[in-house]
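Each chain carries a letter (A, B, C, D and E) given by its place in the written order, and its residues are counted from 1.
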Amino acid sequence: MFSFPVFDSAFYLVAAPVLILVAGSLVALMQSVFKPISGQGAVELVTTGSIAAALLAGLAMPGSLQDFVAGALLSGALSRFGVILILAVALVVCLMMREHHIAKAFFRGEVASIFLMLLSGMLVMVASDDVVTLFVGLELASIGLYVVLGYIQPNRRSQEGAIKYFILGSVGAAILLFGFALLYAACGTLRLSEMVAALPAVANHGWAQLGGMLVLAGIGFKMALVPFHMWAPDAYESAPTGITAFMATTVKVMVLVVALRMFTAAAVSMDDVWQPGFIVLAALSMIVGNVMALVQTNLKRMLAYSSIAHSGYMAVAIVALSAAGATLPVRAILFYLLTYVIVSLGAFGVLMALETAENDQLTVDDLSGLSKKSPWVALALTVFMFSFGGMPPTAGFIGKFFVFNAALNNHLYGLVVVGVIGSSISLFYYLRLVVRMYMGESAGAPFGAIRPVSRIFSVNSGVMAFAVIATILLGTVLPGVAMERLNRAATEVARK
Amino acid sequence: MDALYAIPQLMFYLLAGLVAISSLMVVTSRNPVTSAIFLVLDLFFVAALYAKLDAHFTAAIQVLVYAGAIVVLFVFVIMLLNLKPDALRGIRFSVGEAVVLLVTLIGFVIIGAELASPVPEGLPAGPLSVAAIEEAGGNTHVLAMRMFTSFLWPFEIASILILLAIVACVMVARKEKPESGKHNLKAGAGR
Amino acid sequence: MEWFNSHILSILTFFPLLVSAAIFLVPGENFARTAALGGSILTFLFSLHVWHYFDPASAKLQFVESYIWMQEFGVRAIFGIDGISLLLVMLTTALMPLVLLSLWNSHYKHLRQYIGLIMALQTGMIGALVAVDLVFFYVFWEAMLIPMYFIIGIWGGARRIYATTKFILYTVVGSLLMLAAAIALYLNYYRQTGIYSTSLLDLYSVSLDPRTQMWMFAAFALAFAIKVPMWPFHTWLPDAHVEAPTAGSVILAGVLLKMGTYGFLRFAIPLFPLALQTFAPVLIFLGIVGIIYGALTAWVQKDAKKLVAYSSVSHLGFVVIGSVAILADGTLSSEGLTGALYQMINHGVSTGALFLLVGVIYERRHTRMLADFGGLASVMPWFAVMLIVATLGSVGLPGTGGFVGEFLILLGTFQASPLAGVLAATGVLLGAIYMLTLCRQILFGPVKHEENKSLKDLTPIEFAYLAPLAILVIVMGIFPDFFLNKTRASIDHLARNYKSYSLGVEGH
Amino acid sequence: MSVPVENYFLLSSFMFLCGLLGVMFRRNLIMVLMSIELMLNAVNIIFVAASRQLGQVDGQVMVLFVITVAACEAAVGLAMVIALFRRYGTVNTDFLRLLRG
Amino acid sequence: MIWWMILFPLIGAALNGLVFRKAPKAASHAIAVAAMLASFVCAALTFKQFMEAGGQAQVIRGFPWISAGGFSAPFNLILDRLSGLMILIVTGIGSLIHIYAGGYMHEEERTSRFFSYLNLFVFMMLLLVLGDNMLVMFVGWEGVGLCSYLLIGYWFQDDANAAAGMKAFIVNRIGDIGFLLGIFLTFKHFGTVSFSELRDMIGSGALDAVKLGAVGWITLCLFIGACGKSAQLPLYVWLPDAMAGPTPVSALIHAATMVTAGIYMMTRVNFLYFLSPGTMQVVAVVGGLTAFFAATIALVQNDIKKVLAYSTVSQLGYMVMACGVGAFDAGVFHLLTHACFKALLFLGAGSVIVAMHHKQDMQEMGGLRKYMPVTHGVFLVGVLAIIGFPGLSGFFSKDEILWKTFVGGGPLMWGLGAVTAGMTSFYMVRLLCLTFYGPNRSDHHTREHLHETPALMWAPLVVLALLSAGVGYLGVPEVLGGHNLFHHYLDPVMMVPQQAAEHWAFMAEHHSHSLEIGLMAGSVGIMFVASGLAVALYSRGPAAVLSGLQSRFKGAYDMLSNKYYVDEIYDAWIVQPLRDMSAFLWGIIDVVVIDGIVNGVGQLCALAGGLASFRMTGSVHRHGMVLVMGLVVLLVVLVT
């Protein structure tokens, strides 16, 4: 009944990234108090260093499925995937932050400490099989995000965004919790894997069904699926761009990993609840996200709506999860996620490279004539837009290919048609940027110039270049390899 | 029916009624202070329910943390901000909002009907019946044992959460140096 | 040599991309011009190599290369060429040097990028023609759009953004549905065999129930119909053509449109033969409407390019009806198919020439309005010769390639359905009407505008890229068998066996 | 014979509903925060009731964590409200109209 | 040899058109004439060889041209008596006209383009007559159309000429569609389009009902083609306009050779026509009506070339009518004689036009006899030939047609022919009188420069005059003591299939000579009466009585002088509606409807987005409401 946890080397191997981050956050906290060590450089060192170290630890994580502390900590390929991806994003964002105008505000001890702690929350959530841990990790990440979103360099916009995100996020968390409570009542366990195993027996019970749907809504909320998406545009727009990039990618990774744990194995038993639920959410997201993005002029807000649409595509693959033994949908999601993360990082990286302290809310107009001012940046952004739009030979196309593949394998013809329509709409606004960059005359930005990107050897350029290359490679020669590498993570959660 | 058995039931309905009423009052009171007071009441009644469910430690924590800390914090802030009347305005309804309200209420009635299903069959009875808990050293003991074995990891994480909250509060609520909002020239430019 | 022979198609496909990359990386317009021209000529030589070693007796795929791409999904990068794609590849590689030559003295801004994109486009086009794997094909098919999108959007006319956006959105809507259908097809194959494969060689063997075929055919046909473009999905074409720069128009009309009709021959027809039975009348109807409608609308155009653009709608209507003429015994009309294929080539040559010619006068006068010209035959006699030859090729005068194509198409259609043949034959008349109107308004009559009196005749370079096309127009009319011999086996195979189509691989 | 556990659930859902309504209709940010507290509390009832029904204490453990989280949330939320008040001079949500569209 | 014959004109065309574009007039003329003479020599030699070999039809293999599926059309030539005759006409008369053209085009700056087209035309015409299958013939068929188009529009600086060329091409194309459909039908039912194979097939056995029916359609379709090329009703409208081209062109293309292609083609497939009496009746009626109809128009035209043009239409109608009654040989005979005298007339008219400084209105001419004696002389021969003056070529050929029409088509058709012959006499004599007799009506300036044309121009005319006078003796009917050589010469070309033999049996029957002579006398009488009338009215310029007549019968006169308003009717009822419809299709269907839908979908999306965006006021409550609504709906709909 009470099994005392064993903290052996295996445990520490798995927990290491979290522990390193926590340690780092404590050091950073110290830095915020002690003047002598609170220089920007020192904080940069601690932040970047601890994330890098955690990343190394994450890479060393065992890929075999094993749980520790009664399932509160879970190793395995999927956990590893999530941990590495989140840490890699964090590292890239930290590095890019150094070159951003907000760097001075970001690399303060307390901010860095919060950043590291929320990062650890994400890792906890990703590598856990336990609702309690999951919830605590989620809140850790969320509360941290509310703060870094609005208060690194507070102003009206960011504060408003933070408070809105806070309110809606808390409601979302409460809904998710409500759902878990009901599932707990129906299944009698707080461990995800056991819950999922017990679900078939109670699948028709009202508690399970309501709970399942509420969990779906909660997850949908964090994934920013319509109609639970309202927080995303505000949050994305108001946050400093680096944080937007971080949030847009890591939150999706975190939630999708949990979603895969939740829905994959249990999907069949709950098909009549979850499948239609996700179908509705996915369809709405693809349509609403794309249509709303159509009329945005603020780039970050546009990308927010576009990310809603992309969540919709991933949700399509989630719907397809219920096929027995099929790892394809899982891998489709993971692949899509991977490409989405890379491309988003690249796109937000471009924004970060272009914006200045005076002009940190870039609009479509600001991109006018970019191809002449900074041809390489324009080229990079173009590649990202084509990838978002799902045009070959970019990764975005392969991602859509796999998602449609998974969906059609499950006879989800209607969803695919909606996806196709959504894609077509999306191409319009993605291409609008390309049009502005290449085909419009440089009108002169109304609110001050964008930053000329002169330094070729900067992190920003490196990230852009990496993202471009990765996007192209994942769209041409690598998808086969990538999908094979994802197989392990997929079999872990796929229904046997 | 045996009267003895009826007492817990009556207790429940009494408490439940109180909880419901005070919950309603929390959200409908015009004055935030009133709301806060009803919130305290509400949380007390919930604690009583916990106690009735033999979750004594939880009940205690509920009173201590919620009523003792959180609500005090609320009241404190309300006082601190010394809210002007405009912030005290009550609930306004437009037609659309009324429809939303109606749909939500009806929806919850339907959902409630679904919730009121009997306990699912076939669930294994856990080892810790009330009697077993008593035997094992009481609610608090068992809870602690469970918390510090199986839930040790989240417990530790929760500590980080609290730390984060502290740091965050400090950072967020700290008085800024004179307005640095001039950064954002586009602020107010709308969407 | 052995190695070269066995990798010729991938070299052919990706060599232009390499050149394109070089052009983008090395600054300097002169390098760009030279490299592109040299590269495209070399590509043409490569394709001549293929042409030379191509075995005309075999209907199988030749020069096949197969690389694993996404192993477990059975997605492979398969290159292969048969008689049908061979001619189109040749058309592509032959047009490219001429197009690049037309840019030799041009003064576009960012000429280097322009040329680089054109070279990249060539890879897309050749790739789409030699890809034998559905997904692989799709990648090229879509990737082709991107360079074209920029070519129209950056170097185009006043309404270029509208035109290019319309162009790409129109096309993408269709092709995304095709992608969905392609995936569904591939999953069907998996369900039937337990093997994942997107190779056409395998997918031809899928047996689908008629209902499924209908849906899939509809999706494929929509994509191809938009690309062709068939009425009523054609409205992107006039806009794209009018706004596109000359080279863009030439490639668009010369090669890109053929992708649609090629798609019918390679994919829609052999993959979904049952659905074809149902849809053939619809396609023929739309084709005929396109022929007549395109011709009539071309007739009233005031803009030379728009006129030629609508003429493409009309001409490709012929190609479509020729491709789907089902005879009484259930086979496709071999004549119709041959004609369709030949007409594709011919249309590429003659319409390409027409666009180049319009470009020639546009460069001199910066207008394309027919009313701004007149009487040019007296000031630009060589130009007149070229325009007349191209016109004759376009109206299908016997002795030009256009005749062979149109004749065979009509012959095939007539055998399948006399009524359709008769209706389509009116296109021959209407074609003469609008093309001669074009000729007359540009070439004949008095020289009305003072500016036109001092126009210079063709420069040597212009002559150099127009003359081969003019010669080709005539050679194709006189020695069609030289071209048809290479494609006969493949066409006959398709015509006879499209209901249970299969493509073997030469040497396996 | 004790009270059927679903009655607790109904009570909980009612509380949750109250919380939702508060979030939806109250303009005062502090009220909104209180509503959120209400919602979390509502969930706690289910956990405790279910935990007893199931013969476990896990639900109660969960409740302890939820209370912790709620406390943190409230603290940070209130801090944000204070910060907001400093800048806007109000805690009425109607004034938060910068981000839209 | 035969290949060289074809190739010489092509080489000439290429030299003139591509290589020596800037050559001086004399050089380009020399090249063209040399090519033609060489070709004529080859033709003559070929013909000699052919006749020496017995005059049996032979197929000369070329190269495989088009083959696809079951269809194949090799580039083969057929040399038989018919094509043998035709190559002589084409190259022979072609050579003369080429020589003449050097003089006619004297005022041009350069003529290389002109001679290039002219040579190209001869090349195409040779292909037309020599093609062994319908497709090769079609190459020539459309090729001559092309040259005609180019030559009509030779003086393209004048918009009207360009328009006339286009009209010719397009109207011809209508006929060509018919030809094409004929080819399709032939291939569909017989599996071949080769004349020789087709002939063997028909000759070898009876056809079933389906094929027989098909033959009816085939012949009808081919006849539509012939109508276009040979300017029959209702497609004749292009020919009068085609007079816009230089006069040698009118002589060569629009009188002697190209326009007779229809008759040639029908003769080539006479075995098919024999099989379908129905079509034959249509052919005869259309021919007769055309002959009559065009003649009426010619009566009142004042433009010298227009008169000749309508006359040509009328004469072609004669030939078609002959074909329609089964007298293909008579048709071809008339073709031959007509080629001679009509070329002569046109060239004569050309000389007049040159002398008159390109004025073509006969009302301004008159009395040219004294200025241009040679031209007058040869022109007189030509006129006498065409009106069928006994002893000249027209007499023999026309009377043979009339006689055969009487036999095959009945008295009514004969009457039509005879009346037409009368009208022909009238308007030709009228033309002669107005041009060469009476007082000169031209202005002073023109009159001063009137003089005889150079020998380069009149010499070919003399040759043609001799031919016009003499060629008729090839076909002296038996009734006049001749042997009708021509008839026997063409006999092997004709083939009445067994199936239809009964229907055409009357052709072999012996008819009374007295009837034939009677009819002949009748037609000659008519000729004399009509000519006399014309002489009376016009020999001293237009007689005064004419204006009275004109005002008396104003309606009829206007009708005739405006050519029955056919052009106007075509324009108003066909061309304009078609153009209006095209404008509608483009302006409304394309731009408004289809593009409207396409753009509308896009705008709808943007509108929806804008609307939704507008509804989102940024209120966090509204966000919350959306969220809760979504949740409640999901829960209620999907769970319960």
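We take it that a residue touches a chain if its C-beta (ideal position, glycine included) is under 8 Å from a C-beta of that chain, and two chains touch if they have at least 3 such contacts.
Everything quoted here is computed from the prediction, not taken from an experiment.
Chemist: Just to be sure I understand the contacts, which chains border both chain E and chain C?
Modeler: In this structure, the chains that contact chain E and also chain C are A.
Chemist: As a test of understanding: of all chains, whose mean C-alpha position lies farthest from that of chain D?
Modeler: With centres defined by C-alpha atoms, farthest from chain D sits E.
Chemist: From the centre of chain A, which other chain's Cα mean sits the farthest off?
Modeler: E
Chemist: So, comparing each chain's Cα centre against the centre of all protein Cα atoms, which one is closest?
Modeler: Chain C is the most central one.
Chemist: Starting from the mean Cα coordinates of chain C and chain D, work out the distance between those two points in Å.
Modeler: One centre to the other, that is 64 Å.
Chemist: For chain B and chain C, let me know how many angstrom lie between their CA-based centres, rounded off.
Modeler: The computed centroid separation for chain B versus chain C comes out at 69 Å.
Chemist: Using mean CA coordinates as chain centres, what's the gap between chain D and chain E in Å?
Modeler: The answer is 96 Å.
Chemist: What's the distance between the Cα centroids of chain A and chain B, rounded to whole Å?
Modeler: The answer is 29 Å.
Chemist: Would you pick out the residues of chain C that each touch at least 2 other chains?
Modeler: 169
Chemist: Give me the residues of chain E that touch two or more other chains.
Modeler: Expected reply: 602, 613, 616, 618, 620, 624-625, 628-629, 635, 639.
Chemist: Would you give the residues of chain D that are in contact with at least 2 other chains, written as numbers and ranges?
Modeler: 5, 9, 19-20, 23-25, 27, 32-33, 49, 53-54, 56, 58, 61, 65, 68-69, 72-73, 76, 80-81, 83, 87, 96, 98-101
Chemist: Could you please write down every pair of chains that are in touch?
Modeler: A-B, A-C, A-D, A-E, B-D, B-E, C-E, D-E
Chemist: Please give the residue numbers of chain B that touch chain A in the complex, ascending.
Modeler: 111, 114-117, 120, 122-124, 126-128, 145-146, 149-154, 157-158, 160-161, 163-165, 167-168, 170-172, 176, 180-181, 183-189, 191
Chemist: Which positions of chain B touch chain D when the two form their complex?
Modeler: Within the complex, chain B contacts chain D at residues 5, 8-9, 12, 16, 19-20, 23-24, 26-27, 32, 35-36, 39, 42-43, 46, 49-50, 53-55, 57-58, 61-62, 65-66, 69-70, 73-74, 77-78, 80-81, 83-84, 86-89, 91-93, 97, 100-101, 104-105, 108, 111-112, 115-119, 123, 125-130, 132-133, 139, 142-143, 146-147, 150-151, 154-155, 158, 161-162, 164-166, 168-169, 172-173, 175-176, 181, 187-188, 190-191.
Chemist: Where on chain A does chain B make contact in their complex?
Modeler: 1-5, 15, 18, 22, 25, 29, 32, 68-70, 72-73, 110-111, 113-114, 117-118, 120-121, 124, 128, 130, 132-133, 136-137, 139-140, 143-144, 146-147, 150-151, 153-157, 182, 186-188, 201-202, 205-210, 296-298, 301, 357-361, 447-448
Chemist: Over in the complex, which chain A residues touch chain D? Could you list them?
Modeler: These residues of chain A touch chain D: 131-132, 135-136, 139, 143, 146-147, 150-151, 154, 156-157, 159-164, 166-167, 170-171, 174, 177-178, 181-182, 184-185, 188-190, 207, 233-234, 237-238, 295-296, 298, 301.
Chemist: Taking the touch rule as given, give the residues of chain B at its contact with chain E in the complex, in rising order.
Modeler: Touch list, chain B to chain E: 97, 100, 103-104, 107-108, 110-111, 113-114, 191.
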